[in-house]
Structures are given as structure tokens and as C-alpha cells.
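There are two complexes below, and they share subunit A, which is joined by subunit B in the first and by subunit C in the second.
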Partner chain A sequence: VLVKLLIFSAALAIAPVASYFLSKDYLWEGNTTLAAITAIMSANTVLVAYIVMSIREERLATVKPATSHTTEESKKDR
Partner chain B sequence: MGFYSSYFTYGFPSFLAVVIALYLLFTGSGEAFNVGRFLEETSPYAWASTGVGLCIGLSVLGAGWGIFVTGSSILGGGVRAPRIRTKNLISIIFCEVVAIYGVIIGIVYSAKITSVPELQLYTRENYFTGERFALFWGGLTVGACNLLCGVCVGITGSTAALADAADPDLFVKILIVEVFGSILGLFGLIVGLLMIGSAGEFTAAASAAVVSPYVTVH
Partner chain C sequence: MSVCPPYAPFFGFGGVAASMILSTVGAAFGTSKAGIGIAGLGTFRPELIMKSLIPVVMSGIIAVYGLVVSVLIAGGLRPTDYSLYAGFIHLGAGLACGFTGLAAGYAIGFVGDSCVRAYVHESRVFVTMVLILIFGEVLGLYGLIVALIMNSRATEAPRCTY
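So, the complex of A and B:
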């Protein structure tokens, strides 16, 4: 929960800057514009991954209380 | 008090400006106010560094504004509806991505500022193809775009938190509005990269180059 947020915030800070410098030297041979575009795409990828993971976790959390509620109601019926 | 304070804030600086302008005019040194001389005398480093500073400063200002608006709404809404706490951190991450855009552009721009000896600094390329102008105005563009994008995403995020506390189905729909707001920061970033794409680094002239008579080289 909190650990996940910390890991994602650190990744959001480190991944674009690292990908900018690495791609500038090894992928694009010094062209700074393409390296900056790579960095932006990596930042957006981290963002989308966080959104997808949050929505998936939230769906799991809402399914569980629904199943527990049905078992309680069946006990009350008896 | 509130009615008269606008007299002070608008009246006093304009009065001061009028007094100084008339003093210069009437004592015959009206040519001391010279915009062209200011543009030619300032060092390209001043323009470039100011551009980089404005870029990261205004971006962080926008991101911080957005985060504090959204954060206070999430904390307030989380008192009555604790389930909104973890999902609404998406809005905070959207605001932080705006600050990351500013950092990336700051890094790209500051790589263009190289060290050149002062005698050869004032060349035609440095002035008019404008590393200094491109860096300054590019930094201002990216900073202002990220400032307003961060404020937009922050206010939308705070309303999303309160709407989610009332009705959980609304959150995904309001997230689409936040995505549109976040694209505004991306536009500023693209324009900033386009502006710097045509400008090279600071180049040294072959000999000591002085463009205008206003520049005194020591």
C-alpha cells in the first residue's frame, strides 16, 4: 500500500532521467531531442502502470467484501 | 482599509515610475533608458540560466499547488470514506509527472550551456540564432505550461476525490478529465523541445568578436 506508492514515486523520479542519459549515449548517439522523447515515454509508462495496478487492486478489494456478505446473509437465514 | 489598499498598490508604483521618467526627460539624459542597449549588453548566460531556472521553478510551483489542493481534499474526504485514500493517489501522481517534465527539460537545456571565454562570447550566432533567447523563452514556455497544467490537474483531482467519496462509479470518468489536463503539460514540453532543437550550443568565435559598441570587454 504505502510501500507500493514509495516504490512508484522513486521509479517516477529515477526512470526518466536515467533513460534520458542512457539513451542519449547508447541509443541515439548524442541527439538530445530523441533522448528527451524517450525519457517522456518512460515517465508516461510508469504513470500508466501505476494507474492500471491501482484499478486492478481496487477491483479485487470490492469483490472480496461482496462474497463475505453473501455467506453472512445465508447464516442469518438459517 | 480594503477599499484604500488598492490606491497604494496601484498608485504608488505608477507614481514613482512617472517621477523617474520625467526626471530623466527633463534633465536631458532621457537616452539612459535604452532597451536596445539592455538587450545587447546582457550576457547570454544570464538569459539562458534565467530560462532554466524559470522552467524548473514554475513547473514545481504548478506541481506543488496541484498536490496541496488534491492532498487536502483526499485527507478531508478520507475521514468519512476511508476507501478513497489509496485510489486517489493517482491524481497526486499526475501532478508529480508535471514536475518530472520540468526536470527533464531543465536537464536538456542546461546541457546546452557550455563555457566560453568572454572575449569570444558575443558573436552573431550566440545572439541572433539565439541560444540565449531560445533557452529563455523555451524555459518560460515550459514553465508556464506546466504551472497551469499542475493547477488544472490539482483542482480536478480534489473534486475527483470528493466525488469518489460520494459515488465510487464517478472516479474513472473524472480520471478522463485529468488525462486531458495532463496532456497540456505535454504540449508545453513538445514546444520547448522544438524551440531548442534548432539552436546549437554556445560557440566560440574565431577571433575576438564584438557585435555592438555597447559591449565593453575587459
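So, the complex of A and C:
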């Protein structure tokens, strides 16, 4: 859990600034406005990835106890 | 009155500072206020913590908006041949992004705190929380768009030959 949070925090700090400078030089040939838009899109991508990951992790956590309960009840029936 | 006075970079650097400082104040307020609610939720339902950290991540994005605008404006500053027109543009862009980031962080803080507390009791509050947070986040995005539009006009500033 902590490792995931650290990875996301680092990504949120590094990805926008890196994408700004890299896209300014290699993608947009010096156009700073488009480079800023690229940086903002990368920051929002990190946010969406975090939301999706947290929803998936919660679904995995709620499905697991349900399956273990059903197997225990079948043992009781025997 | 000259077109490129020596005090023109003061306004340019003021824009860089204003963008970073004010958006960070908004993000700090959002993080701390939402963090209070998350600490309350964590004592009852620790398995919900990863989902309830979304307001904190969104406050971080507000600070990233201010950072990107600061870097953008600072890239256009020059020691000489910098007109007062460009200085005012950069100051306006920095203030636009900074104050909207402050407003967005304020909204995210209050919404994050109360929605996270409600999420302990009712799990369907989650989608509502994400929707309201997105609307609050978009306030900062509007300020960023206006700052970008303003900054793009600074390239047509008058040049001084000295």
C-alpha cells in the first residue's frame, strides 16, 4: 500500500515537469503553450490512473472475503 | 517613458511567484482539510483509505497546475529587451492561475473532508464525491487555461533595441 502511494506521489511530481520540457523540445519545436497542455494532460492521466487503481483494489478486497465465506459454509453442511 | 523599463521584470517574477505561492496555499488547505476526514475514516474502516485519498491527490494536481504555469512564465523572462507589456501579461497570468488554484483547493478541502466522513456510513457517496471533486478541480483548470492564453500573447510584445 505504501509502495503504491510512493510511486504515485513520485509520478505526480515528476511526470508533468518532465513531459513539459521533453515535449517542448522534441514534440512541439519550442511552442510552450502546447507543452504546458501536454504536461497538464499527463498530470490528469496520473490522477485517473490512481482513481482506477483504488477502485479495482477495493473490488478485490471485497470479493475475497465473500468467496472464503461460501467455502466455509459448505464444510459445515458436510 | 520607455517601453522596456528596467523594473519590468519585477512584474514578471511577481507572476511566477504568485502562481506557485497561491496555488500551493490552496493545495495545502485542501490536503490538510481532507486529511482530517481521512484520519477520522481510518480509525473505523481502514480498508477504505486508498479510495478516500482521492481528494489529497486532486489537491496535489492543483499544485501541479501552479508549478506548470510558473515554469511556463519563467521560460519567457529575459534580463534585457523585456517590455512592461510582457511584464504585466506575466503578472496577470500568474495571478489568474494562483487565485483560481486557491479557490479550487478550498473547495476540494471542504468537499473531501465531509464526503470522506459520509463514506464511512454510505458507500454510494463515493461516486458523488468524485463528481463534486472533479467540478472543483476544473476551477483550477479554468485559471490555467486563461494563464496559458495570456502567456501566449506575450510573444508579440514590442522589442527594444537596447
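By our rule, the second predicted complex is superposed on the first by the 77 of 78 C-alpha atoms of A that agree within 3 Å, B and C clash if a C-alpha of one lies under 4 Å from a C-alpha of the other, contacts with A are read in each partner's own complex, and residues count from 1 in each chain.
Just so it is clear, a contact is a pair of C-beta atoms (placed from the backbone, for glycine too) under 8 Å apart; a residue touches a chain by one contact, two chains touch by 3 or more.
Keep in mind that this is a model prediction, so the values were computed, not measured.
Enquirer: Taking subunit A as the common reference, can subunit B and subunit C both be placed on it without clashing, or not? Answer clash or fit.
Expert: clash
Enquirer: Now for A:Tyr20: first (subunit B), second (subunit C), both, or neither, which partner does it touch?
Expert: In the superposition, A:Tyr20 touches subunit B and subunit C alike.
Enquirer: For A:Phe8 in the superposed arrangement: first (subunit B), second (subunit C), both or neither?
Expert: It touches subunit B and subunit C both.
Enquirer: On the A-aligned overlay, A:Thr33 touches which partner chain: subunit B = first, subunit C = second, or both, or neither?
Expert: Touch partners of A:Thr33: subunit B and subunit C.
Enquirer: Using the superposition on A, tell me which residues of subunit A are in contact with subunit B and, in the other complex, with subunit C.
Expert: The overlap between the subunit B and subunit C interfaces on subunit A comprises residues 1, 5, 8-9, 12-13, 16-17, 20, 32-33, 35-37, 39-40, 43-44, 47, 50-51, 54-55, 57-58, 61.
Enquirer: Would you tell me which residues of subunit A are touching subunit B in their complex?
Expert: 1, 5, 8-9, 12-13, 16-17, 20, 32-33, 35-37, 39-40, 43-44, 47, 50-51, 54-55, 57-58, 61
Enquirer: Okay, in this complex, where on subunit C does subunit A touch?
Expert: 47-51, 53-54, 57-58, 60-61, 64-65, 67-69, 71-72, 75-76, 130, 141, 144, 148, 151-152
Enquirer: Which of the residues in subunit B end up touching subunit A in this complex?
Expert: Answer in residue numbers: 83, 86-87, 89-90, 93-94, 96-97, 100-101, 103-105, 107-108, 111, 172, 175, 186, 189, 193, 196-197.
Enquirer: Flag every residue of subunit A that touches subunit C in the complex, lowest number first.
Expert: Of all residues in subunit A, those touching subunit C are 1, 4-5, 8-9, 12-13, 16-17, 20, 32-33, 35-37, 39-40, 43-44, 47, 50-51, 53-55, 57-58, 61.
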